[in-house]
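The same chain A turns up in both complexes below, where it pairs with chain B and then with chain C.
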Partner chain A sequence: MVRLPYFTALTTLFSYGLLFAFGQMRDLFRKILDLPKSKKVQGYAPICLGLEDFYTRRLFLRAQDCFGRPIASAPDAWIDVVERYSNDNNKTLHRTSNITKCLNLGSYNYLGFAAADEYCTPRVIESLKQYSPGTCSVRVDGGTTKLHTELEELAARFVGKPAAILFGMGYVTNSAIIPALIAKGGLIISDSLNHNSIVNGARGSGATVRVFQHNTPSHLEEVLREQIAEGQPRTHRPWKKIIVIVEGIYSMEGELCKLPEIIAVCKKYKAYTYLDEAHSIGAIGKTGRGVCELLGVDPADVDIMMGTFTKSFGSCGGYIAASKEIIQYLKHTCPAHLYGTSMSPPAVQQVISAIKVILGEDGSNRGAQKLAQIRDNSNFFRAELHKMGFEVLGDEDSPVMPIMLYNPAKIPAFSRECLKQNVAVVTVAFPATPLLLARARICISASHSREDLMRGLEVLSKVGDLVGIKYFPVESENSHAEAKLKKLD
Partner chain B sequence: MAVAVANMTTAALDWVSVKFNAPLAGMVVFGVHIHGHLIVEVLLIAVILFQLSRKSYKPPKKPLTEKEIDDLCDEWAPEPLHPPITEEMLSEPPTLESAAGPHTIIDGKEVVNFASANYLGLIGNEKINYGVGSCGPRGFYGTIDVHLDCEARISKFLGTPDSILYSYGISTIFSVIPAFCKKGDIIVADEGVHWAVQNGLYLSRSTIVYFKHNDMSSLKSTLEKVTRGNRRAEKIRRYIVVEAIYQNSGQIAPLDEIIRLKEKYRFRVVLDESHSFGVLGSSGRGLAEHYGVPVEKIDIITAGMGNALATDGGFCTGSVRVVDHQRLSSSGYVFSASLPPFLASAAIAAVDYLEENPALLSKLKRNIALLWSEISELPGLILASNPLSPIVFLKLKRSTGSTKGDMKLLDEIVDRVLKEDLVFIVTTKRSTLDKCRLPVGLRIFVSAGHTESDLLKASNSLKRVTALVLSELA
Partner chain C sequence: MAKLYAQTVPPPDMNKNTEWFMYPGVWTIYILFLFFSWLIVLSIFGCNPGMAWTLVNLFHSVITYYFFHWKKGTPFAEDQGMYNNLTWWEQIDNGKQLTRNRKFLTVVPVVLYLIASHTTDYQNPCLFLNTFAVIVLVIAKLPNMHKVRIFGINAD
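Coming up: the complex of A and B.
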């Protein structure tokens, strides 16, 4: 839970107000200066009206060099960041050919499969030669290869469900599956902090959408009771079906979902559950099976489990795992399966090899090592950050750690200072987070060694002092109290 | 009898009036003699006041008690998540055991592959440099220099100012449309656009008007109807959404007509070139080159790279303003991991190869023409696509009356062609969520990698099988 000190809230609001005022003044000057210039396109409404891209033009552009930094190597523990310069105050950025080697604290490379791996890479190159990078067709036409069927079985086995279906992209998985499962006359209850792909999928389905307070099973119960009793809006007919959508790890908070309680509530009220494990599959749990394993939930209790291969497996694409009948139905109807190009075969091979390493089926115990490494790394890093006095969100064992920044000016300051010291961090602001709650998000990987982490901590501490984000400076007794408070929240 | 009643009533009335007017034993209140009728009037007023003071009768709004909610929740039974599995749902597509090139291996046998949209025969050239995944969205260290190179290469090839890369073919169009079209805008779209476009249109919440598939007079009358009498047209953005080569029917959109209409009625054009990029035009630059229209006149061009370029992903090009706006407001770009770098480098290699070998395009054209000449006289099937389109679309001359019946026949043709003659073609697959109402049919994807013998084999097989299958019908 975020504990925003009052003084910080006031200063943040004041900063945004100032930026807004300046932006409006500049817009005014722009309008005045543009008056004599004749409009080239008569009769067409402008493609972006007034305030729609105000945020982009006046606020985002000032800090544009902190986002979208290109890299020239695989996203491993150390990356080569390409330097950029700008001649017109960040409006356009040009690449140079200089690169700086930086510690990578921003990519979702949880188990370290992003770089060349001794087991995976030769097999991927092999499959590239055999199957070529694309299949040029959709799954139902000519796009199903032996690799795809193998991966579907393997993914289902890994997650603990009877069957699975693959898609070429994680975002499309959510957007295209939810409309296939539920339509007008159904109800979707989703967590207030769910990812954009889920929101889009829910909107695209035509069903009614209700939101429950983030990670609060009691509020979910209230909403369920109210909705079942009332029925559909206006007609009061009973709902056709209810689906509750939650995520395993929320990527902007680093928190785990309270899965056992939510499943209990859903079972009581006969609602279906949909679990999005984009960040948690492969990264948490004793054998990497995700949030179900960590919290002791039987996968058979969750109706539909969705995940992506981008984060822990170093590939691309997504999957849905559920009962055989649901998967059969989805294969027949889901638009992403019928119209979307099938997953690229080398990417499929990468996932197959990565899962085999995690399960230990490649004959070594590198998988178990990686899992233990990421757990130790995450817990160590988080504890150290707490000790230093940063405001860090997230639960034990979660590899995602957001550090709160709040002030809009601190976002580029933090990012640039860290880059000067050769540490690459990711800062997130509006629209991915609420306006006042800007943060820097650290993602720990199994490929970070202890020295890397120490270096990262050193730099973060220095920059934190410089920028002034150590909101809760603590002495040693207080730190225990803080940690307890966080757990209770 | 009546007289007696009348007499009784008169007597009663007399008595009442006497009582009314009888002074009440000399009662005097405030100097006013109280008569009998005053008592009645006072009583009447009292009754009226009493009624007014009572609450009007509304059925009381009692919120449901906890017990009632519990009961309702117990009674409620949801539908199952999936409808009952029918037989057609159980069919599985054939599994390939090698690359989906012009020849591929299914079930251990080599077949001629007409089911992959591998128009230029580029399956088979690449190398990996960067590991497979990119592990992050474009904003957070997911931008690898190959992405920027790929964007620059595509812009250079097409002659547009800028372009932006997406990580998946169909997500391109359904992210671009909601980024530019909001509630209140007007979109005129062809009724035969594929599902991804329909989804984008739905998510954008604009007013959508469909016009008859590839019918320019219908488009003209729709544009006329939509703009007539609309005084607020200055503030509303208006778009026409068409595809260059329609996936659902193989028709080609007449771009010159569309541009003329767009300029007359002041609309912007969004063109999806997934199947025409690298295919149409003398050097493969797409529909604009094919019709000789300057590419600046098309406002937004999107394309999936999963077809002619033999990789995956998609791109969108247009003016700098158009592309920059998408970098922050297009959901499929901002909230999704970027394209795997090896696919981006494969795309660059493909574009380079295409630019150096324009002969591929003439080969493709020759192949399509050859196939057309061979299968223009099939019993029971007619060619329904444009003669220049690499998607050759065959539909039934006489439909069985239902889509299900048609699909059964077509599936049988496809199965037999595969098993008996080792030629792999496909039928149209429609999702239940798809709103397109165009007829179903057979699709043959012609590639520049096919040889003459492949095409002859396919056409002979089709002739044989359709004669068998459809003669049973006739």
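Coming up: the complex of A and C.
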């Protein structure tokens, strides 16, 4: 639910209309100017069908310097960003050898494991020396080391499920598992704001896909009832199976899923549930066990729990945790497991050490400290941003907070101004978000100190005034002034 | 303008090419844009108001016909060409006919026609052009014309 001033909605639509009109005019002139050149490649089909790359050419390339900035250090609380320059208005960018040290408000470094850690790094280096960077083999051939089996058991124990299976890439975990679980004749009901990996996996599976309104269990129930009553398209036979896919924290909204209500609806209609905890595992919950712990849902109620190691654990890859039978089945059928190279052993060791730190099994309470730190940091930052008048999305305790920008011109303006003041932020626009709801996504980390956060807030406030994104009235000034008046009396 | 806020929930429309039309403010900006383009035409061409409305009506017809009923597909490649055979008009609201958006978009050319023909006092050269434009546009938007390609024009 976003609230935006009506005037902003009008100006955003107008800006997009203007950009679209200019883009079309430039395309028209390009077509006219290219008429003599078209003789050379006659007979070949064009790579893109005319309109397909319009958005990339005419809108994205204008602001290209705000995306894909190369970095030159580990993504800790402060990060080294490589400067780039362009001679042809952002069509091509060239790297320089200058580096700016910026406050990192964009990396998913929730628990601070991205940089060197006193417990993890020595063990990772040791495993690098022992097992070498790559296994050069598939899991089923010669790629399963002791570390892989240890991590599978540890991940299953951490999440609260009987067994788990690992994959080398987080995106692939979704897009290769969903086709293995469901095929033509099945039904996938996914949240309308699900990640691209889930959308790709659902499309690749061949099952029928239906979408329910974001985080609305009543609409999910409506869709389930309608689909169960209708059956498969055309034949109207009953569905072979129904899987409902939701995420723990939605990375573009920062809000938590209404898991208890959704599980209740799924149980009522006997549909399977698939929970993607890419952003929530390790970052929320009292002991870091994710959204199930935070909302009080028994992990046995969720049929398949998926997560990635790229966010809170500072590594790469993903896992699926489910019952022993499902994991056994996946080990025999999932192509990512049978044909894809296994995870790199140092990366596996990094996850093992990170989970041990979080659980406190390394002998210290650094894990609990980190979890408390990220919770305090997120709540403090979000409250301060609210007070300044920004429109911030996301629930309490969520380390992801998108600041709404709306206007397409404000996206590069915000990004460039922040970079000038040495704060690195990630801005997200179409097509990762709906057209009108462009935003800047802030990810808070446990390695941010209070001073870092204050510096970030100071810069965001200044840039927010410059760019004009403080859509809501500023709160604390009035109440402070009133309190002072009362004191004087 | 007082701080009016509009609340919106992202609609469950997976087609990113048409989902922007379901947000608040789209109808208002469309109408405002037509009004301001009338003012601009008046200032550029210096003609009488009726002629300006006729020009606005004709430009509007050509532009909306091209973008709603001629151009097919979507301006980005993420949907892997699912909509490559459908024009924008056939894509909106997921292909459902007679929704509020479609009714609004059908009424706008008719209202423009009425304004243009009234302000030109139903004089002949303008009247003919305006009537032709509105007939083409309204027929293109009828529910029976969904996915119909007359004489194979613009098919694939």
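Note that in this section the second predicted complex is superposed on the first by the 470 of 489 C-alpha atoms of A that agree within 3 Å, B and C clash if a C-alpha of one lies under 4 Å from a C-alpha of the other, contacts with A are read in each partner's own complex, and residues count from 1 in each chain.
Going forward, contacts are C-beta pairs under 8 Å (C-beta built on N, C-alpha and C of every residue); 3 or more make two chains touch, one makes a residue touch a chain.
Keep in mind that this is a model prediction, so the values were computed, not measured.
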Could you look at A:Pro434 and tell me whether it touches chain B, chain C, both or neither (first, second, both, neither)?
second
Chain touching more of chain A, residue-wise (chain B, chain C):
B
Under the stated touch criterion, which partner chain does A:Asp53 make contact with: chain B (first), chain C (second), both, or neither?
both
Can A:Trp239 be said to touch chain B (first), chain C (second), both, or neither?
first
Who does A:Leu193 touch here: chain B (first), chain C (second), both, or neither?
second
Is A:Ile326 touching anything from chain B or chain C once the two structures are fitted on A? First, second, both or neither.
first
Kindly classify A:Gly363 by the partners it touches after superposition: chain B alone (first), chain C alone (second), both, or neither?
neither
Once chain A of both complexes is superposed, is A:Thr135 in touch with chain B (first), chain C (second), both, or neither?
first
Which partner does A:Gly296 contact after superposing on A: first (chain B), second (chain C), both, neither?
neither
Pick out the shared contact residues on chain A: the ones touching chain B in one complex and chain C in the other.
48-49, 52-53, 55-56, 196, 203, 431
Within the complex, which stretch of chain C touches chain A?
1, 3-12, 14, 16, 19-20, 23-26, 28-29, 32-33, 71-78, 80-81, 84
Using the touch rule from the top, collect the residues of chain A that touch chain B in their complex.
43-45, 47-49, 52-53, 55-56, 60, 67-76, 79, 81-82, 95, 104, 106-109, 113-116, 121, 124-125, 128, 130-146, 148-149, 168-172, 175-176, 179-181, 195-197, 200, 203-204, 224-226, 228-229, 238-242, 268-272, 303-304, 308-311, 313-316, 325-326, 328-336, 338-341, 344-347, 350, 424, 426, 428, 431-432, 441
The chain A residues in contact with chain C across the complex are 1-7, 9-10, 12-14, 16-17, 48-56, 192-193, 196, 203, 211-214, 219, 430-431, 434-437, 473
What residues on chain B touch chain A, complex-wise?
64, 68-69, 72-73, 76-83, 85, 88-90, 92-101, 104, 113, 115-118, 123-124, 126, 128, 130-136, 138-145, 147-148, 167-171, 174, 180, 182, 194-196, 199, 202-203, 233-238, 247, 266, 268, 299, 304, 306-307, 310-312, 321-322, 324-325, 327-329, 331-332, 334-337, 339-343, 346, 424, 426, 429-434, 443, 445
